[in-house]
Amino acid sequence: MKRRVPLAMVFIVSLFMVIQYFVPLDSLAWMYQYLLDWTIIIGVFALLLGIWSLWHVSYGKIKQRAENWQYSIVTLAGLFIMIISGFIPGWGNLNNYVYEHLFYYVLVPIQATMFSLLAFFISSAAFRAFRARSILASLLLFAGLVIMLRFVPMGPVSTVVADLAGWILRVPNMAAKRAIIIGIGLGAMATAFKIMFGIERSYLGRD
Amino acid sequence: MGNGHTEHKTLVERLQFIDRRIIFVFIGLAVVIPLLFGAVLKEETTPIVQTFFDTIEGLPEGSRVLLSFDYGPTTAPEIQPMVDAIVRQCAHRKSKMYMMALWATGDNLTGETIEKVLKPEFPDYKYGTDYINLGYQTGNQGLIRVLLVDFKMMYAVDASGTDVDSIPMMKNIRNLKNFDLIVSFGGGSPGIKEWVLYAGDPGKIPVGGGCTAVSAPLLYPYYPNQLIGLLGGAKGAAEYENALINAYPEYKGRKMAGMKLMMSQAVSHVVIMFFILFGNILYFIQRSRDKSRSMEAGR
Amino acid sequence: MKDRLKLVVFLTVIAFIIQATVAFAQSEGETADSVISEQPVTPPPKPVIVSGEDIPNDNGHKLKLNWEYPAEWNDSIVRFEIYRADSPDGDFRRLGEAAGGIFSYLDIGSKKKDDPNYMPNDQNLYYRVDAVSKSGVTVQSEIGGPFQTSGQWFHKGKVPVLIGVVLFAIFTIYFIRSARKGKDLYIRPLAGIEAVDEAIGRATEMGKPILYVLGIGGASDIATIASFTILGRVAKKVAEYQTALTVPCYDPIVMSVAQDVVRSAYLEAGRPDQYSDDLVFFVTNAQFAYVAGINGIMVRDLPATNFYLGYFAAESLILAETGNSIGAIQIAGTDQITQIPFFVVACDYTLIGEELYAASAYLGRDPLLLGALKAEDWGKAIAMVLIIVGVLATAFGWDAFREFLRVNL
Amino acid sequence: MNAGKLLSYIILAIVVIAFVVSIALKGFLVTVGAFLTLFIFSFLYKDNPYYKFAEHLFVGASAAYWMSMGFWKTMVPNLFGKLYPPMVAWAVPALKNNPAQPLMLIPLVLGILLLMRLSSKAGWISRWALAFIVGTTAGLNLVRYLRSDFIQQINNTVFSLYVTNASGFDLGATISNVIIFGGVICGLIYFFFSKEHKGAFGAGARTGIIVLMITFGASFGYTVMARISLLVGRMQFLFGDWLGMIR
């Protein structure tokens, strides 16, 4: 029961998914649509597990007065305000003032700023890593510099740089990406295959 | 990362591993100073952008253009300048603009574009006859598929809930094939690729796109067969603005968003490249010193 | 029949009168005579429905209707209107139109019974095509049919995929069997994998925790599944060495699986008492909030070793740079091509694409997994052969080979 | 009270005063956005209480945000709305007349099984739901990757090496095609696991890694533009929308 049922289920469901790919009949398409719908719904149930874990960890910190426990109160406050404003029926359907404004004036600015930190990190990473230590590192450096130079106006030299940059993106870039993608395709297929036949079962735990 | 000599670090050694916060300060200044001074950088328009511009320029008065806002606030800095430029051009060409969103986050940005660009700059443009905001609909690429067959099945009401049958410019819209051009703005999925695959190709409708710099290399292969043109990142936006200025002299001397972006871009690229060169020079000085030292030791 | 003929004649006459009036009004200077003599007096002929073909490789509900029409009339026909009914004398519903000069129409029906455009499979369908001339005359064709559409049991365009699946299955089974028999399979060393033990050892020596990030993929993403296996190995070592482990998660299902994996690993190492669900916890499933949280964990707990294995998007560099700033050893791996460069630049070791999937076989040395790895290599060999043969074939102008590799959807 | 503590109180006082002044001058909402932006940027200097505050708020609020989204956008219309439409008629009137679909009991049951893992005894049963999700995607992945990542990419690489244009033989395009062809082959060699990288095979693998490195450098350089744009966006918000210094 503990292992056999899930493994059988994996096999049956995945086999169905493979078959429906080759058979264009209505009935299979209908079932396929259902299966995809179901996975999304189960995913929402799982969010409850997540919220529970977040509550458990935060509450634990507060109770034990662990380091930085005060901030866990902030987490829980954010959680509850957002849940209450998002769930109160009548206010519901997400069109309520508090919920929307929390999204646009709290979540969005933080999210956009976190994202923009990348501008700083990409610079410091470039400074540190783009050094001609070896042939491979020099190639990395060279290609990166050529592409970056493209954005700097330099009169007649610009066209030469733009052509070279375009060529790098079109030729070696294309070749390498294809090789990586073919490899990924094979690896993903092999993993899917191993899952189907229960060879790869680490995701089910061991006991 | 350290290379072993801990006791007496020379200046060269220390500079090689400078505190990264110094780099952060320079990058911050490189971005902010051009913005504060309002410096702009004109970009020459490349063919992939020019053909896009020319297509809209060639549309007859009253043509129907579908603008799909498939992006969110996080990528808005890159995408919004393109949207503004294209909306301005469409308004000059007296095209009818149908705005919609495949992304929930695009909904808000549609309204913002109308409030900040269309209403103040083109007061004669009337809602319902010249432009309409249809808002966001769920369904991602599935939505496109349905729209290709029956537009009003998914858009029975506009963004404010008005019945579309009572809106004059929606009268003759049956499906996507009634549009003269589809423009999708966005970098992710669903976005330009989905518009090409599910609407442009099967319906033989011209599709153009404006996307983030990150996704541009993935979309280039669709030009010129499946995309009439592509604006990639800030550079694409600035190039489009340049084309707009060349065609409409009233924009001459105006500092447009994409061009402002490009000045910050150019300065910060120079700063980053300077740091890279600086690091390499230090590295080579260090290496030649190490070499001569080890040679001395060898003697 | 006679009635219809009468109708046609009647309509033609009316059309003729209207046309003549309009033409006369437009050309006031010209005589009426010259206008009349240039217009064809005969009514347009009827379109003749030739065939209705079921579209292959689909679920039915689609039919391509073909008709014929004399070419000399092309210029005077504005459009053809297409109608369908489920019986010859039934109610014909207008489906759409084709421009003059086009003699086929793809009828895409609905598969839903309550849709007005419902088009049943395996039942008789009847069509009618009306030709509408410039002068507004409409001529109806004879009713065409019966035609039928049907769904197919196999999509022939996908044959290459089927061959691929079967071949790959055979390879995998063969190599797994030979690996089981104890055949020693060589695998080349991967620096990123060999560094795993060393990295765990370093954390133990320093008495600092190990951070394991599974990325922002779901539990069924291939990269995440590969990462689960590696997590199992890492957790076992960590339990043996009694080092601290932190696994912050993005997806709640990934979290539950990771909890199972780590708990099993601790059990295997004989230290179930050391495990608690607080080692593997949920942060949030918003991309940048998750990163913000991990950044916080890094700068406060100062882990000696960071693993980033799984599916990553833009956050990759934020994680790797923050990790670098605290001096941690970093081992990364992802199948997201856009993010690999950032890991390569900012981390000590990076598993590129397929190497991540292979890692589980490397760590476990399980014959089953090694066999599958060998099958993958054979897949690559086949890919190379196909490319080389294909390029040669194209050089000799033999395009059939390339056509064979095309998947027609 | 030591100097460090004193300094942190001074900073706190400045932040509070600036916050209040900003609310008075610029309004509440934009002030909140601006201060949270600054709090996150402060992480670049070092970890500090303001970053911690923004981080923890972000984590809690975003988790709840997706929970509510999932409830209203998925559970209500797609689960309850299909199981028993009248139940959600008040929220989604459009569904009122749809027929009930008893099959939707299956995801409901699987979802509840998943939640069973909170119990230590019946936790194992949650794997059924897990197996369902993993199985669905595994089957899908098998064919999808084979088609788009394997067959399609091979097909794309099958082209003529010898290129001609209007004026005859095109040397540049021919060289490019040869490089793409060679690059793909060498890249694949690099990914071989069960063969030692020695001799000619080793040379191929080394060429493969060279091509990979050029690509990584190029992608890195290309992304700089996108990231700077994001930073410009935030700066425009701070200096334009908030401080009004950009015209």
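For reference, chains read A, B, C and D in written order, and residue numbers begin at 1 within each chain.
The rule is short, and it goes like this: a residue touches a chain if its C-beta (ideal position, glycine included) is under 8 Å from a C-beta of that chain, and two chains touch if they have at least 3 such contacts.
What you are looking at is a predicted structure, and each value in this text was computed from that prediction instead of being measured.
*Asks:* Which neighbours do chain B and chain C have in common?
*Replies:* A, D
*Asks:* Using the touch rule from the top, work out which pair, A-C or C-D, shares more C-beta pairs.
*Replies:* Looking at contacts between chains, A-C has the larger number.
*Asks:* Using mean CA coordinates as chain centres, what's the gap between chain A and chain C in Å?
*Replies:* 18
*Asks:* Using the average of all C-alpha atoms in each chain as its centre, how far is it in Å between chain B and chain D?
*Replies:* That gives a centre separation of 18 Å.
*Asks:* Tell me, which residues of chain D touch at least two other chains?
*Replies:* Residues 40, 43-44, 52, 54-56, 58-60, 62-63, 65-66, 73, 114, 117, 130, 133-134, 136-138, 141-143, 145-146, 150, 154, 157, 181, 184, 188, 191, 212, 215-217, 219-220, 222-225, 228, 230-231, 233-234 of chain D touch two or more partner chains.
*Asks:* When you check chain A against every other chain, which residues touch at least two of them?
*Replies:* Answer for chain A, listing residues that touch two or more other chains: 18, 21-22, 43, 46-51, 54, 68, 107-108, 110-112, 114-115, 117-120, 122-124, 126, 128, 130, 140-141, 144-145, 148, 151, 169, 173, 177, 180-184, 186, 188-189, 191-193, 195, 203-205, 207.
*Asks:* Enumerate the residues of chain C that touch no fewer than two other chains.
*Replies:* 158, 161, 165, 168, 218-219, 222, 225, 253, 256-257, 282-286, 288-289, 292, 300, 314, 338, 340, 342, 344-345, 352-354, 358, 373, 376, 379-380, 383
*Asks:* Sort out for me which residues of chain D touch chain B in the complex.
*Replies:* Going by the criterion above, the answer is residues 44-45, 73, 219, 222-226, 228-236, 239-240, 245-247.
*Asks:* Chain B touches which residues of chain C in the complex?
*Replies:* Per the stated touch rule, the residues are 108, 314, 325, 327, 338.
*Asks:* Considering the complex alone, what residue numbers of chain D touch chain C?
*Replies:* 40, 43, 46-47, 51-52, 54-56, 58-60, 62-63, 65-66, 114, 117, 126, 130, 133-134, 136-138, 141-143, 145-147, 150-152, 154-155, 157-162, 181, 184-185, 188-189, 191-197, 212, 215-217, 219-220, 223
*Asks:* Can you list the residues on chain C that touch chain A in the complex?
*Replies:* 57-61, 111, 121, 151-155, 158, 161-162, 165, 168-169, 172, 176, 218-219, 222, 225-226, 228-229, 232, 249, 251-253, 255-257, 260-261, 263-265, 267-268, 277-278, 281-289, 291-292, 300, 314, 317-318, 320-322, 324, 335, 337, 340, 342, 344-346, 352-354, 356-358, 360, 368-369, 372-373, 375-376, 379-380, 383
*Asks:* Across the complex, what residues on chain B touch chain A?
*Replies:* Those in contact with chain A are residues 1, 20, 23-24, 27-28, 31, 41, 73-74, 108, 217, 220, 235, 262, 265-266, 268-273, 275-276, 278-280, 283-284.
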